[in-house]
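In structure tokens below, several structures.
In the two complexes that follow, subunit A is the common piece, with subunit B as its partner first and subunit C second.
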Partner chain A sequence: MKRFAIIFCAFVSVLGVQSAKAWHNFAHGSIAYMAEQHLSPEAKSKCNYYLRHTLSHYASWMDAWRLERFEVVNKSHASMSMPDGINLDFKSGDPAGGVMGHLVNALAELGDGKYKNLPDSVVRQRLINMAHYVPDMYCPSHVLFPESVHPSQKAHKLYEKGKKLGYHRFWDHCLGREGRVKWEYEELAAAVDKVSKKRVAEIQSGSLEDWGRDIIRLAQRSIEIVPMGTDVAYMPEEQVAAVRELVYEAAVLGAYRLAYVLNTIFADKNIPVYNDKK
Partner chain B sequence: MKKILLFSAFVLSVLTANAWAISSEEAAVILATRNICPKAQKFVKKYLGKTFDDDIRYIYSKEARQIVPHNREIHYLHLDKNLQPMNVGKNDAYVAIEKAMEVVRAYKSHSKIVVTRALRTVICLMVDIHHIANIRIENIPHSQRDFSYKYHSTEVGKKKDKLEEANWSKLGKNCGGYPRGFSGEWRAYDMTIYLGDRFAEYSKGTLKDWAADNGAIAARYLAIYKPNAVVSCLDHKYTDPVTYDLMVKASCRLAALLNGIFK
Partner chain C sequence: MLMAGEACAFRGFGHQTIAAIADNHLTENTKREVYSILKADNMVKHANWVTSQRSRAKRVSEWQYATLDANGKSTTTYENDGVVVIEKAAEVLRNRKNESDSLVFASLCTLIEIVGDIHCPGNIHIEGNEATKNFAFTRWNGRKVEEKNRLKSKWREMWHDYTKTHDVFTPQYYAEDLEIILLKKKAEYEKGTPRFWAENVGEDVVWCLKVIYPEAEVTNETVYRYEDINNRCMAKAGYRLAALLNNIFKQ
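Right, the complex of A and B next:
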């Protein structure tokens, strides 16, 4: 556990919690829709049993309820005040913290067939939460770099037609922006989900530690692609394409890993937290 | 003369619904299609000339709106204080569905256009009577018209709490809080999972029973939602599952009505 924390620290020193919403509802629904297409028959039937809805139905549940009953329905995550963002909350006793901490906890509770020993309502709540926060992990604006590495997100001002635009807001709303106003999940999924089998195998392997590194890489790339002061309304075509490529990659990682997490849980297996399985 | 009156009644009955968003209605109809017997499937295809769910879109088309005058009364379900349909002297959804079903049941003795319009009326209004804001209960005066209320955006006292304005007629408009992006087909799939093996349970009873069931749910909400009322955020959010459940019931009951023709 300590090692995991050190690895994270080496990359970014401090990771902060985001108070803003994560991917917007449409992006969350689309990613959950994509994940649903890659569930094993067993996982699909178990998710249907516990949720009585699709994953996309609950994809934004945590955002919708976070100001009301979040702390009540998620007692095991009481150390967290927010579901979004990566937070190395050492004080809570959970070194992975934040979103990654939620996933580590959920896998410990549900993996290796342990979900069978839990009340249905508990499993249901964990699935609802995962449908939201697993894709959220890959939202590029969910990593706050220490100021020694990069100015804070607050300072990383962007513009849209001359008006100030928050860095977080820009990335949260990127996915699906290029589509028509009333895009449906199927349409965005068709545009995004063009991954080769080889890439799927890569995505759906490794440990949570590797997944954490992917998150950080995405965040670093997002800063390089859209540097401070950019007016996003007037980005050249190559820059727009780079942004699109990044958010599509983030969506694919979120969707395939959500599917992988659920497939693993309902195959009575587990995902290692660390590479060396210590 | 009788035929002309009947024909006119059904022309008037094919109206634009003012309840759920189109894709929610579409989803209810798609789900109904999946639960009708093969004979009913064939019947629907013959009279609507296309698939069931395509037709719900037709009702909203410009063409349909131009042909058919809009009468809001037809969307409402009037119930007395015992939640029984007030079908005497009313020309509401209940009456229109009953009349339309008479024609649909006796489809062999009517022209194709009359049966087609009757069928469209049933589809449209069966969905409408499952929207609680379309239910008007005799002894609840504020159910007789639309009204505005306010709701807390979050729990009282929380930093981000603010009072939002809303209208009773819009309650559940987006069907259980579905965000944009859900196509009719994907909503129908979601509803199929939700329905599970409860089709028999949800479609049990008669039109009268269903009206009373919907009325009881509406009455429960009308006790909380009143003109100028301030509703808690939890009450507001908990309406979503109820409106969702009603939409699933609408599709099951629509399927049951159509299956009933061929029993």
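Right, the complex of A and C next:
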């Protein structure tokens, strides 16, 4: 607790130098490390075969590549759009439903044993992408609410020692911040990954629609926990604790669901998109 | 000590990772002997010992380099050349019963670090090829050609960057990452002598210099592709260090 508070204070003091992208690289690596610990032997062996590296190695590849070839990797890999704010239709909206649309497409391509019919390079690229965007979906600032639901989302400005700070930038770097004080992936994973078997079963069930609703809940909580106008440098301890709880929950969801996606693909199964027969 | 380690082409963390790879492939007998000399349960902790001694003896800084002749052969007898240092340290360890404990300890630590050093392409000098000592080139992001996106980079520093991006791994986890694909090459890589090893890295250097050379302008993508060479060199260093120690301590 104390350690997090110290880390968090350190975070807000250097936040200004961070670039605006998804979870910080360190957060991505840590979440991928956590996911790797929960892969089935079959999925671990197949990931090693296709990736030729650990999941952590490729966890931030998409962000790095975005700087090189912007036209290939765009924002839709990071955000979830909600065209009407109520229904989750992953096949519509900002291309193919944003990041969820990408996951739906990837599962359609790879699930039910179909990955075996694809060239290794295609499977490899899909895995590299998923290692990044599945955890990214759970970053609390990655839901683009329609104005009818959250008219002030774009204007949801925060402050850091009196200076303006974007809501997106704040949440993107909350979890990654630990890395700046010499944490290693394994240490952060050990601190975050304290989930009961019952909770794991809950996380690794349901449809992608359920997963999408979890993401929305996280995003709504992030707005409530750190309301517009908050100066994050002076948050009381309870508020810091609530932020920590939220980003740890997001990390756990990202890690366990990434593991579940990979375990499902390499067990020649699939994950339903919707709960009902849409 | 950490700061001094940054002067090495593989950096302190890279040397620790090489030691972690080697740890994975020591025989039980070698482990017992090596860990007893080091008074530790792995070699990672001592992977930067030579670098930590640089302030005590200037010549130690030279040990990281291996010089090849113009034909790419290691024929030098210069006492501070990395290959010669390895040969001397191995000789001390083979004669360890007649040597002082402190010399045996220092020789073992020297092997752990310098075997790694001669596997870094940035540490191989080829006579008659001034570029192998270091040079500047320009790298850019391949997307925007504005001047602000063109960064001056240096040959030796380029080899720092690959390990730098893995700083948040533990050495053991980075070793696991490298071994996923390279373990199957272990039997092939561990053959030969330290002179052959340096010549082998020299071949990589000659190949790399065809694309990245003084004043060259290359994309980051090109630089990223060289990571495979860096990884291969690190894995080779780990396997070869383990093979050398297994050979020394086989009796």
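Points to keep in mind about this one:
Throughout what follows, the second predicted complex is superposed on the first by the 218 of 278 C-alpha atoms of A that agree within 3 Å, B and C clash if a C-alpha of one lies under 4 Å from a C-alpha of the other, contacts with A are read in each partner's own complex, and residues count from 1 in each chain.
As a convention for this text, a residue touches a chain if its C-beta (ideal position, glycine included) is under 8 Å from a C-beta of that chain, and two chains touch if they have at least 3 such contacts.
Remember, it's a predicted structure, so these values are computed and weren't measured experimentally.
With subunit A as the common reference for superposition, the partners subunit B and subunit C occupy clashing space. In the superposition on chain A, A:Ser141 makes contact with neither subunit B nor subunit C.
Legend: residue contacts after superposition of the two complexes on their common chain; A:Thr54 is shown touching both subunit B and subunit C. Look at A:Asn263: by the touch rule set out above, it reaches neither subunit B nor subunit C. In the superposition on chain A, A:Tyr185 contacts both subunit B and subunit C. Common to the subunit B and subunit C contact sets on subunit A are residues 26, 29-30, 33, 48, 51-54, 56-57, 64, 67-69, 183-186. Chain contact summary for the complex, subunit A toward subunit B: residues 25-26, 28-30, 33, 48, 51-54, 56-57, 60, 64-65, 67-69, 182-186, 188.
Of all residues in subunit B, those touching subunit A in their complex are 153-155, 158, 160, 176-183, 185-186, 189-190, 193-194, 196, 233-234, 237.
Listing the residues of subunit C that touch subunit A in their complex gives 141-143, 166, 168-170, 173, 176-177, 180-181, 219-221, 224.
Those residues of subunit A that touch subunit C in the complex are listed here as 26, 29-30, 33, 48, 51-54, 56-57, 64, 67-70, 179, 183-186.
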